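Which chain is which? They are A, B, C and D, in the order written, and residues in each are numbered from 1.
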Amino acid sequence: MSEQPTNAKLSLDELQAQREDVFRSQLDRDPYDLDECTAWAARNAKRGSVSASLSAAKASGRTVVVPRAGVASMEGQRALMRELDEAGAGVLPITVDSLTRELRFDEAARQLAESTATESHLNGFPIVAHGIEATRELITSFSKPVIIRANAVDLRIVAETGMASGGTAFVSGPMYATLEYSKNVRLAESIPKWQYIFRILGHYTERGVPAGDDAVGFAQSGTCSVPSLMLVGVVLDALIMAGQGVKHVMPYAMLQGNIAQDVACCLASEILTQEYLHKLGFTDVATYVASSDWNGAFPHRAADAYGLIATNVVAAAIAKVPLNYVKTIEEGVGVPTAEANAASIRITRYLFRLIGKQADSLMSEDVHFEKELILMQARAVLDAVLDLGDGDPVVGSIHALERGVLDIPFSPNVHVRGNVLPVRDAAGAVRFLDHGNLPLPAESLRLEQQRLAVRAGSGPGLSYQDMIDDLQFLELEDELTAQPNVVAPMEP
Amino acid sequence: MSEQPTNAKLSLDELQAQREDVFRSQLDRDPYDLDECTAWAARNAKRGSVSASLSAAKASGRTVVVPRAGVASMEGQRALMRELDEAGAGVLPITVDSLTRELRFDEAARQLAESTATESHLNGFPIVAHGIEATRELITSFSKPVIIRANAVDLRIVAETGMASGGTAFVSGPMYATLEYSKNVRLAESIPKWQYIFRILGHYTERGVPAGDDAVGFAQSGTCSVPSLMLVGVVLDALIMAGQGVKHVMPYAMLQGNIAQDVACCLASEILTQEYLHKLGFTDVATYVASSDWNGAFPHRAADAYGLIATNVVAAAIAKVPLNYVKTIEEGVGVPTAEANAASIRITRYLFRLIGKQADSLMSEDVHFEKELILMQARAVLDAVLDLGDGDPVVGSIHALERGVLDIPFSPNVHVRGNVLPVRDAAGAVRFLDHGNLPLPAESLRLEQQRLAVRAGSGPGLSYQDMIDDLQFLELEDELTAQPNVVAPMEP
Amino acid sequence: MPRFLRTPRVVIGSIGDDIHVVGITILAHALRNAGAEVIQLGIQTPPEEFVATAIAEDADVVMVSSSNGHAAMWCSQLRADFDTAGAGSILLYIGGNLSVSAATPWESVEARFLSMGFTRVFAPRTQPEVALEALAADLAQLHAPDEQEQGVERV
Amino acid sequence: MPRFLRTPRVVIGSIGDDIHVVGITILAHALRNAGAEVIQLGIQTPPEEFVATAIAEDADVVMVSSSNGHAAMWCSQLRADFDTAGAGSILLYIGGNLSVSAATPWESVEARFLSMGFTRVFAPRTQPEVALEALAADLAQLHAPDEQEQGVERV
């Protein structure tokens, strides 16, 4: 691991040396036998892979619907995956618990021991505790491809274990994991850890497993994200993946409830990712936009949650994304029941089919407006970041974050300035309330200002409190609470 | 009742004479005391009315959500209405059972006697059997205005009873009731019966009850309806209402699953109704477009039904209709439970709020295309119908039906030619498979043909069987049934 | 889809106060496609009209449809009326939505209509093919002894 | 919103492996708005850091947040640690999503955390105002004997 990370590809020798270190220090054992693992995984990938499914979907304009789900025990996880399979999930998820993600493998194993098939003490599947053999057995018992889902700064062992067990795609990258999931870690420290993972994915790809990875970027803060900024992170994650040989990237687009802006975000995600991949010479990377149902606070009533999911899916269907991550109607309540998972996948598939047929007829002027706005802003920031690194996205993003040229709202990370704030306009589209030090074109700010003026009306400008209020925008609770039946008396 | 009905307004004397006949022959009693009834109803209407709620909604761009519901017993109906009230219905419905609609008042009373608060032997509320006193008591116990819902050829006693009991709006008119709800009756016979009802509504209006009426037109065949043809019936119903002094009309728009076409249908419904009202000199009739969730076969799974309702509401919200009739997620199953009613109203209100804010941003090119197409076709047929009556819509529609200048698909009425057939194009928009003898502009048929060509592809043209298949278009069942998990073996 | 060797004659309609027309239209279409002779009575057909028409037209089967929840009211005397009219062995089918409340368990609905004398009671959403199969089987059964060879052929 | 006469000092953070930041951000914002002094520890705060900071900062109350379902793992020793550190009477609040499964009845979750020694256990989706009211009441109670006049004033 060099002091000053760059986007240069790790040699296989460097990778092997790092593997020795990581396995020794974190698991106190030798690394998995990479040749055995890739050979096995390549045979497994002949049965199907996430990338192959997405490639077929993209070609035919269809959408693969993918839930997120993980529980502690093997029995529980198998039952859960079977359920999702039957409900029509196109790819099956194994979401890893957060103790494992934080490298507390022993504690995760202890909690696994206390969990049963029906009661999980963990918020995910402790994949390291279960180990490769058992997880291979689980994955090969399904016909659909499996994605390993986790997010944290250091997922090297998790990624190794997931890929060795037959997962054909993984989640996330340094932008998202560092800025959204960690408190103290700097990019200079986390990027090399992710480059290790991408190099592993790249190696599997060379050996016949077309490993995919979600470029989540700045897509999921739990608050709303201005799409241009969200996609800056997506593109940076994708460039760093490509740097290590990843050939199948799923650029993200988090859906936020304003359909025109969401459609535009999906379209721009594909455009920007390919544009910058090409700019940096990565001309053979396949991209499959992954939209995700709203990732902030959900309404807790099922009927409202159905409404929110429907709004998201309408947008994703208009944009014809090849992949949609589906939330459940119980997101606002807790880990979903089997029925909630099945119902959420059903309404999603129903709407993709129905709206999919009529997608072209629903492209509005405003979709184009939003798309141009996103492209204008994202290009300005991305060009500035790359400039700061003399064309190297790794060097550039490290410098950019220090100067506030990269900055996101509500980050738990202490190294993020946090001067950027989002706010919704009257139509619910997400704009900058404060753009901090982001190098945004004046023209784009003027356009945003025009839209924000409608919400501000004749009152004082929008404030921090408006942003706080927006956190509950998609719950619409108060407005929906029915009035009591107060009967006016008849006049005599 | 003259031999050759026209659109001329009945004098109050004629109305009174007819009332004597109708009450005598159908109920064997004197008519209700019209002065007492209107005076009471006017006092009641000061508490609120359907028209007042719709007028406020129209002015502010909001939507009143209205379910349909009726059960036999007073207790059951009260509980049902309370439930709907709490769930957020903006107007409360009293749907009348079909025995009462068919004038089988005694049999309805017998079935009422056998029904309990929790088990209804009737598919609606037998309003005549319950009588005015009891129904007034029911209606005045709610703060929200009440609509009396029924459909049949002869609803004179039902309408009298509903209005006298405090209902402030009624449903339907001769086009819908005759062509969609009866087997043998001719328009010449049914129109005068409806003119009686409209004259009653007009009289209440003069006395201070702003009585509203749904102009349903040819909107609900249980199959899909080409919007232009649907609206021809709507306008004719509205013109006949206006002829008898109705001042508050709710022109219909049945939502059919293609959003662009549905939005256009809502917009065109308002435009055409006002245009022809003005043409015939009715310049003081207020209109409030009433969209209705899909009125054909529903998916029987709740999650799919949520998806269908969501698709409908998105369209209605984009069109900013003041009134939406909401179906339930159990429509495809049977009379809905309390929970299903509440959940369906909730998702509807949720989506009206969320999409309502962004309605303008979702107007697409295709909405304009569909709107122009609807206007072009509907005007051609309406002008031809009016020509056949020398400007009189009553005379015109009687003649037009005979000649196939008015014609609808799947009518149960033997006097309808039934040469017209609908079919969906590749995007799900409804077109003419066969336009029979309707006088449609060649240009409009050319435009439809272009759209249909996409579905026909290179195969043979579309056929009757395609139309039959379309009946299940919105169920999407087969396509959604999950594949079994057939695991491909790993290669050795 | 089964095809019949001997043309069955089918009387079909919605009973009583029921105005639902789509189901019977599709059913008639499918029956005609399969080679049956269909006498379509349409909506709101009084019980007596089913009996009179079936006898006049020498029907093999009467297919009663009811969707509006009022089926039971109109059907209790139907089998007896056929008996009285001398058509005691006619096949009597019913389908649609047969109870007012969806909560009523299907078994009890089916049992109720079977006890009224219907030969077969079809659950909501029955596809036309299912009705055709049933009819083919019932006719084969009926004509089995005397028309062994003709019978019913499934294609 | 209650306003405090004496400035309460609040230590706040998400515990253990939890990375949810929005709840604690809003809560801190509301506390500051109401006049409290807030020491924000942020996400993934180890239990020991809550104890050390509360003592160093002489806090009146520690507000622990946990949303990822792992609350119980990290909290069982917390009260004991405060006792050991000589801050036995400190107010200890917890909120967020406290059990892995939503199916767990709230009463049992609440009872479990009360028995761990938390002063108050807040249900999911608790609005900041509710926490403020509770804090105002608890502080009033604590200072009631000696600071009768000051107490807590609700505006």
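Note that in this section a residue touches a chain if its C-beta (ideal position, glycine included) is under 8 Å from a C-beta of that chain, and two chains touch if they have at least 3 such contacts.
All figures in this text were calculated on a predicted structure; none of them were measured in a lab.
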Subunit C-subunit D separation of Cα centroids, rounded to whole Å: 70
For subunit A paired with subunit C, centre-to-centre distance based on mean C-alpha positions, whole Å: 56
Centroid spacing, where centroids are CA-atom means, of subunit A and subunit D in whole angstrom: 31
Sequence positions of subunit A contacting 2 or more other chains: none
Graph class of chain-chain contacts, one of line, ring, star, complete, other: line
Interchain contacts, given as pairs of chains that touch: A-B, A-D, B-C
Complex contact set, residues of subunit B against subunit A: 43-44, 46-48, 82, 85-88, 140-144, 257-260, 299, 301-304, 306-308, 310-311, 314, 342-344, 346-347, 349-351, 353-355, 357-358, 360-366, 426-429, 474, 476, 479-480, 482, 485-488, 490-492
Partner subunit D, residues of subunit A touching it in the complex: 98-99, 101-102, 104, 107, 111, 119-123, 180-183, 221-223, 296-297, 300, 330, 332-337, 410-412, 414, 464, 468, 471
Subunit D residues within the subunit A interface of the complex: 17-22, 25-26, 29, 42-44, 68-70, 73, 97, 99-103, 124-125
